[in-house]
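In the part that follows, the structures are each spelled out as structure tokens.
In the two complexes that follow, subunit A is the common piece, with subunit B as its partner first and subunit C second.
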Partner chain A sequence: MKKSANTIKNFIINQKLLFIIILLIIILSVVDRSFFTFRSLTSIIDHITINGIMAAGMTMLLISGCFDLSVGAVLSFTGIITFLLQPYGIFISVIGGLAAGTGIGALNGLLVVKGKINAFIATLGSMIIFRGLGLGLSDSTPIKGRIEGFTKLGQGSILGIPNPVWILIITYIAIWYILKYTKFGRNDYAIGGNVLSARLTGINVNLNSFLYFVVVSFTAAIAGLIYCSRVNTASAVFGPGIEMWVIAAAVLGGTSLFGGKGGVIGTIQGVIILGIVERAMVVFNVDTNYQTLVRGLVILAVVITDTIVSRRQEKGYMSESFGARAKTN
Partner chain B sequence: MSDITALEERLTFKQRFARFFFSQTMLLIFIVLFIAISIASDKFLTSRNFFNIIRQSTVLGMMACGMTIVIIGKGIDLSAASILALCAVVNVMLQKYGYFTSVTTAILVGTACGLINGYLIGKVKANFIIVTLGTQILFTATALIISGGRNLKSRPEPLFSYIGDESILGIPVMGYFLAATFILFGILLHRTISGRKLFATGLNERAARVAGINTSNIIMTSYIINGFICSVASVVLTSRLPRVRVGTASEYLFDVITIVVLGGTALTGGVGGIVKTLVGLGIFAIITNGMSLLGIPYEFQQMIKGIVLVLAVLYDEFNRRKRLLY
Partner chain C sequence: MFKKLTIFIVLVFLASFAFAGGGQEAEGAASGEKQITVGFSLPFIEDSPYTFPFAESLRREAKERNWKLIMTDAGGDINTQSNQIEDLVSKGVDGIMIMPVDAAGIVAVIKRVYEETDGELPMICSNVMPDPPELDELIGFAGPNSYLEGKEMGKYYVNYLRENGIDKVNYCESQGTAGYSAAIDRHNGFLDAVEELGASDMFNLLDTQPCDWSPDKAQAQTENWITTYGDKLDMIYSHNDGMGIGIVNALQDAGYSPGDVLVNGCDGQTQAVEYIKEGWMLFTVFQSPAEDAATAMRTMEKILGGESVPYWNYMETPIINGDNAEDYLPIVTELWEQ
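Entry: the complex of A and B
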């Protein structure tokens, strides 16, 4: 009897995000009749794809114990390079944009791995540099797209589902698979858990950490392509503060800021919760400044809960091991 | 203590020179830059431009002092510029009740912001980067809500125009503010027990705690002091600029971090000092001033500042490794 109660309790605790999502949907459907319609739900999913794709890459980086503040700059810089290269054809422009965005990640990775710079300051620096370079290259004005076909990426749909959502699904399945079933992904947890022991077991920590930075920038570059294709414009000021949104979604989904813990299944739930909250603020007609305020409060709430929960878990492990020792003695 | 001096004496001349060189490079860079810009632009070496530099760098310098303390305690305050903006808005909004009320309230608000950061980081022990990024969003949003997103116009109070425009003995009043802040923070950091405790905490928090230092209090205090100095800087800012815009204030953050890091205060904590920050401020101020004198567009100025930031950190790491070798 007690055991089954415990199982139920554990199930609720483990799936608490799912319950929060269901609760939010129920509340919003009651308050707003038009909320629980196919159109409204797809618009929420459509809205979160850009941040969601970035959050998948960020989860991978967070698990290794680092994080990247330059994803917003990567997003806007990719768009600018893509649109500047459009006179040379769609293929070259897309490849060039992806390469430029991923290149920023490679630069971050080099600075952190080889230069041994704090990840925070390296990515902060590249954020300023590439926002500035983007502003300079675009003369501080938005660039209009010239190729109509490019807009299909963000605005078209296959089988009734918008293309960005397909990309989102593929990204999450790919990263979920990598994290769960490949050596590259398992190393991620080892490095985040304890760098020193990971190195001693023979993992090439430098190469792996470098690649995680490349992955997060690659996802940000794809998100940048979708963003620009959707509005058919590129600007250096796209996605301000998006890095915080992305990190908050991952942490909300149970990925620890201290590394070694988490996964993309949690992240997608975090992304959906933040997406619903944003949607709710639009439904309730909340002023933009208050929306920003709420976003700040959510981030603080998430980080405080994460800290308290992980500290309690540590204590739990300790008391458990002490208990075990007492029994054997 | 005597053991350390004995060790110093045993160093050969080459080692001592290397140590001196690697500790004073920033000063050399400052001198080289100074000479280079004076040759490149004939407007640079005028007393008018010199006072301009002081006026431009007072707010940054005061904030950099607070940031130095936070970074030495192995933290960083990304909400510093938002605290500045919030306090400036509060100050301007309350000016109709007299400057005493407005300045006091602004300083109280700034200190309270510092307290929020300090409590969450020192006591709750949450990750300092995420906390201060969260409070950055929170404080900026609050400033925007209070001001309604409008540009606020500061009233022509005699006190503010005195701070902003007047000079004493030929030096702008703001210069005295800057000097007073640096001297005060220098004493606080290098001549008090609390200052030593802060260095110990930043270097190795666990060791400091075991040695009997209340590390969470020390860390919390460092953020409160930072909030306080940001609010004082906001008073100076409103005196200098008649119009307050929340957006402009947020640009100060990267500049402040760049100044502190340029000086050689390490982000790994426990290493640094106020004199270093002063040198960093000097380099940063003449780079900014030189770029505008030479007519470099604003976007590229930002980019160059970013590159300077990254190079400064790279140099800092290189420097640390070298120091370990000698």
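Entry: the complex of A and C
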């Protein structure tokens, strides 16, 4: 008897996110029959693609012990550059936009790794700069999409599955593979766990850390393309506060803000849970005056839980990741 | 062990399925008639003196009609708004009213929903027109006619100047957020009215700047204008009360007296009406958020009742000036204080 109880307990603890998801679906379906329809459930997946793709990249950066507040700015800036380059055709505008967005990641990487500026301040700075630059370049006015084929990215589908969902799946499989089976991915955990030890084992910490910033911006740039393609407009004010959502989803999924642990399998579940919470507010008809509060509370709860859990585990080994260093600066 | 747990979970799942289904039917049978449910997609609720009384009015109007009202707050993000509109469709509402975050960005989701529901689900836009304003997929628009408001404001200034024997004014313009349809319309409406009345020569534009509907920005901008133009500045045309109030603040700080510089507003906020009484502002246009919301609900009611409605459903926007400010003061005080 005791053995089976323990196994069940362990199973639940290990798959706690999956159980939360199932529980939420049950509760919402009970409250509102229309929740449990094919259309309703699949639309949740459709809605989390943008945030989800960004969360995958963010997971990689978080594991190394840093985070990036500029992903929302990257999203909108990518869109602006892409749409500004519209006259040159779809190929140039998409490549140009992706390059611009990813470039912000390179800048962040340089600031943190070479400039030794802490991640919070560096990415907060680039967030403000690139939101501002976006406003300047677009005259503070949304830019309308004029390329015929571009909307297929965000609004089209292949084999009945929306294109953004395909991109989501590919992104997660790619990052999962990198984290699990490549040196680049394993270095991530090493650096996040203990920077000094990582260096001593011969890992080029600077180069790897720099690249993680590039990865997160690249995913944000892709998300930006999808976003602007869905509404066929680009604006410097798109995605306000999205960085908080994305970080919370990754942390909810088991990736710690302090680095060293986590993974995209957890992240996608965190993304789904937050996506269900958004839907739940409509199902429960949460008073509009409280919707922002609910979002904030969920994010806060997630971060506090992570801090408490990490504190408990931290006692015992020196934690010298970039993130920790940032805290003491 | 895992197997048993999984089976258990699946059973609970199916049981809740049955439970949920049964629950809904019972409700329907009891009341006899299905309650009308409408959804309203708000662009944001925080930090906006307009959206708040607007939402309150929506709730009142829904209650009066015994409708179920589901409101969503997009937090200023067009993608969130698109998702929320699709969520409302998933939930199964009888009609959707939308105040777009972004006039151009909202078109995609409106078309998507129209396609998905085979045009069966009525949708209207409220307060902010989509871009392009006339969409086949939309039943119509309900709200203020910003262009007409701009014209009324232009007309008022022209008449005032003529009645007071003033030949020419040097003026600055404090615009709403660049790209916002209300700002564009109020700008164009003003100029068109002036031209139609043959008064183009009377107005000399010194400078025009977007102050984003914000009192703080308008105040700072006015301080710049006072520094740059000094006594040359005769008038400031403001696209709304928020900015008008900021402008008056700047004038007061600079030691001006009421009437030295002609100022106006638009919306009908309490402080603006008081400034009109005191002579700081010449007039404002009363755009009641409560009336705005009521117009949207009334339009939806007609649509759901099977009546055919015109595409454009404009609300009344009377002018408040020195003559009637006293009468309007209690009305606006109650309205904006909610």
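Here is the rule we use: the second predicted complex is superposed on the first by the 303 of 329 C-alpha atoms of A that agree within 3 Å, B and C clash if a C-alpha of one lies under 4 Å from a C-alpha of the other, contacts with A are read in each partner's own complex, and residues count from 1 in each chain.
Criterion: contacts are C-beta pairs under 8 Å (C-beta built on N, C-alpha and C of every residue); 3 or more make two chains touch, one makes a residue touch a chain.
As the structure is a computational prediction, the values presented were derived from the model and not from experiment.
*Asks:* Classify the contacts of A:7 with the two partner chains as first (subunit B alone), second (subunit C alone), both, or neither.
*Replies:* In the superposition, A:7 touches subunit C alone.
*Asks:* Would you sort A:33 into first (subunit B), second (subunit C), both or neither based on which partner it touches?
*Replies:* Only subunit C is touched by A:33; subunit B is not.
*Asks:* For A:140 in the superposed arrangement: first (subunit B), second (subunit C), both or neither?
*Replies:* After superposition on chain A, A:140 lies in contact with both partners, subunit B and subunit C.
*Asks:* Give one of first, second, both or neither to describe whether A:126 is in contact with subunit B, with subunit C, with both, or with none.
*Replies:* first
*Asks:* Just subunit B (first), just subunit C (second), both, or neither: which does A:116 touch?
*Replies:* Once the two structures are laid over each other on A, A:116 reaches subunit B alone.
*Asks:* So, A:152: does it touch subunit B (first), subunit C (second), both, or neither?
*Replies:* neither
*Asks:* Does subunit B (first) or subunit C (second) touch A:180, or do both, or does neither?
*Replies:* It touches nothing on subunit B or subunit C.
*Asks:* Quick check for you: in the superposed arrangement, does A:16 touch first (subunit B), second (subunit C), both or neither?
*Replies:* neither
*Asks:* Touching subunit B in one complex and subunit C in the other: list those residues of subunit A.
*Replies:* 140, 241, 287, 289, 292, 295
*Asks:* Which residues of subunit B touch subunit A once you look at their complex with the stated criterion?
*Replies:* So the residues of subunit B in touch with subunit A come to 76, 120, 124-127, 129-131, 133-142, 144-145, 149, 254, 257, 261, 267-268, 297, 299-307, 309-310, 313-314, 317.
*Asks:* Within their complex, state which residues of subunit A touch subunit B.
*Replies:* Touch residues, subunit A against subunit B: 67, 111, 115-118, 120-122, 124-129, 131-133, 135-136, 140, 241, 244, 247, 251, 257-258, 287, 289-290, 292-293, 295-297, 299-300, 303-304, 306-308, 311.
*Asks:* Which stretch or stretches of subunit C touch subunit A in the complex?
*Replies:* 1-2, 5, 9, 12-13, 16-17, 19-21, 23-24, 42, 45-46, 55, 68, 70-73, 75-80, 82-84, 86-88, 90-92, 102-109, 112, 131, 177-179, 210
*Asks:* Which stretch or stretches of subunit A touch subunit C in the complex?
*Replies:* Contacts found on subunit A: 4, 7-8, 11, 22, 25-26, 29-37, 39-40, 43, 46-47, 50, 139-142, 144, 151, 155, 227, 230-233, 235, 237-242, 278-279, 281-283, 285, 287-289, 291-292, 295.
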